[in-house]
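Going in written order, the chains are labelled A, B, C and D, and every chain counts its residues from 1.
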């Protein structure tokens, strides 16, 4: 059987395709769901001038915190960076541009890209500072704000299980932004604790069908930062 | 323990709360996922002047086909009614108003209601007859059509498994519109082949969390039309 | 004597009724977990994607992939579900969460809430507060009555950027529980050891007080 | 001698390559299933919510909850997934489906396609055809070269309401396989038993034909 659908790959080869200046979605809410092994490979390889899209900035010494600390991130699109002191310092020093969105809108803007639409119309944030500068339209006598989709070149996601075609199953509160980002980026690199042969996952339990996934990398839960330390949002 | 979250209910009591003139979303793509038992109870109880929202019209002698044949449906919002001769006759005779949407837009308009937004912006259907009459807006030099969300008073959905809180798990191609409708309607009545105690379902495998579901009804696969006959879209 | 925080939490727990879906904001509200009667059937929603949180059993090992939105390890109760962030906020925007508890920098007579940004000082982001504030039917603010300099947090008009306008139902501090009504802030309960005059003096907004109906807590 | 339909299907199967995600429209295209080599690793998408359809094994009982978009009972191959209609169409709009096959009432030189409505006669709806036509990279039309009255289906300009403008890559009929190019319809293959003049006579659009490079099928 030809194996063209086999997306299993070495982690360094997968990350090596990311270029300087790339926009990268990163799964995770705090530590759960953050693809630590993929981020560490990105740190090691040295790509620069990155735009990252992640719910939060991790803590300063793990995950995207390390990339920010190493000066590799120009821009961060996020909902909250409160627990990363370095990210706040970099922002205040003007070295890191931080774009804040309410968490549910950030999730929906990413989901909207994954659904293949331009944007959506919402009432969230009307009458607040966060809503300033948005385009608004009237419809049936009410006002709605236009929220354009957020796209990215690459998504780095963490799954619990995968198969070699790239089907993904997430677990617990490590689901969070991962399935949304796995549909929204042009190229999707997924790490998983176990990678099975096709047929090893139950069709109904697959959260992300393989059509959206470009490369699969296996990571060892015992050697990953995944779950090895205290964390916070 | 107080059992206020218990939503298990008799089928006739659940359907009796539906009023004349209600707008009702009905799950299913062809037969799989169509809540036949709930529809049969609705047929028996006699509610009139209904607006139905369903991907297709079933065949003329099952599911919503029977309601249309009995003259109980004023309006049908759908993507295709090609296999229901009676629905086409009723439409041509002017007794049934049929509103056609491309299937993916229909799904997304329902999903949009379930997500709590007003609408979304799409390029689907631009330059075709189906796009006529839609409001269009320009953004960054491109044109997008506004697709408002579709809401409903009630959704009737079919699940494979449920628990008494109303958590739902779907199966196979009986998933289709069910999880979207289960989030979009004000009141959601679900039928399931098995209803378990809370804790009987795996948290990651729940497609529709109980927060969206109003009533749970158990149906017997052996006595339901579910799966007992040939079908088509 | 209970501490100020214990007093706030014990009073707050009385707002939760059986069958509700409850969201607990980061910080003080999270600790409400410890004040829920074990037999009270509520589903605790955490916006990072779980419905049915509960405290981890004593002695049980934490699952590293199960946290609440405050970053604390959690367990789940029977009937719990986990889901992605889009679905989690759909649940909020569709008003399926019945009550949420949040901290505040400022809250005012109209029920306006400011709890995410102090321009020039503190702006780490907004997280999920904006959707929760705007869409949850009952928003209960839990905060100290005054800031660390003694200035009132409860004002005629918020000065900081709003999290959401006209969103607060009830304010619980160590000094009082105050309902937001069309006519203004109505004191429901006052701390046992406090006089009405002392409460008024510590507050930056006009208060409606009917001493004959005032509860103590 | 193969039938016209067999000829169309055998030629169409040659357009599918290993590793592709393939959508088969209702009617004739669904029968392409039977023309896929068993060892060809393709994932067949059906817009009702499944990726990885396959024929039911001979003698196996049909699962009543597993159909394709044409209503036929199906099985799934290893690596298959099932999902809701929003995700299914997200897959289409995000251009993750590589090739789709559809019938046509009319198709024209610009690659415009009309296959859903004949005003006053036939308007049962559009199903998923519009998104598939607009967003799948390669749309292959499979249809008879002429309608039952002998009128050409391949025209200079479609007259019926369009499914999508400029969406068709290739047209396969029992008479020819024709590529839609910027310069017009280029005949790639012609039926073994047909002359170029007979093909032109049966077609309502100008055809580009280089006889030295013409394939037979």
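Criterion: a contact is a pair of C-beta atoms (placed from the backbone, for glycine too) under 8 Å apart; a residue touches a chain by one contact, two chains touch by 3 or more.
These numbers were taken from a predicted model, which means no experiment stands behind them.
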{"item": "Graph separation of subunit B and subunit D (steps between touching chains)", "value": "1"}
{"item": "Result of counting contacting C-beta pairs for B-C and A-C, higher pair", "value": "A-C"}
{"item": "From subunit A, the most remote chain by mean C-alpha position", "value": "D"}
{"item": "Between subunit C and subunit A, distance of the C-alpha-averaged centres to the nearest whole Å", "value": "29"}
{"item": "Distance from the mean Cα position of subunit C to that of subunit B, given in whole angstrom", "value": "36"}
{"item": "Subunit A-subunit B separation of Cα centroids, rounded to whole Å", "value": "32"}
{"item": "Euclidean distance of C-alpha centroids - subunit C vs subunit D, Å", "value": "57"}
{"item": "Subunit A residues counted as touching two or more neighbouring chains", "value": "108, 115, 117, 123, 170-172, 175, 203-204"}
{"item": "Interface hub residues of subunit D, defined as touching at least two other chains", "value": "50, 82-83, 86, 89, 92-93, 135"}
{"item": "Touching pairs - complete list by chain label", "value": "A-B, A-C, A-D, B-C, B-D"}
{"item": "Residues on subunit B engaged by subunit D in the complex (per definition of touch)", "value": "29-33, 55-56, 78-83, 88, 98, 100-105, 107-108, 110-111, 123-125, 127-130, 160, 170-180, 207, 226-228, 231-233"}
{"item": "Interfacial residue positions of subunit D with respect to subunit B in the complex", "value": "26, 46-50, 63-71, 74, 82-86, 88-89, 92-93, 117, 123-131, 134-135, 161-165"}
{"item": "Complex interface listing, subunit C residues touching subunit B", "value": "18-19, 21, 39-41, 43, 45, 50-52, 76-83, 86-87, 89-97, 135"}
{"item": "Of all residues in subunit B, those that touch subunit A in their complex", "value": "108, 112, 115, 117-123, 135, 137, 139, 142, 144, 146, 148, 169-172, 175, 203-205"}
{"item": "In the complex, subunit B residues that touch subunit C", "value": "1-5, 114-117, 163-165, 167, 183, 197-201, 203-204, 206, 209-212"}
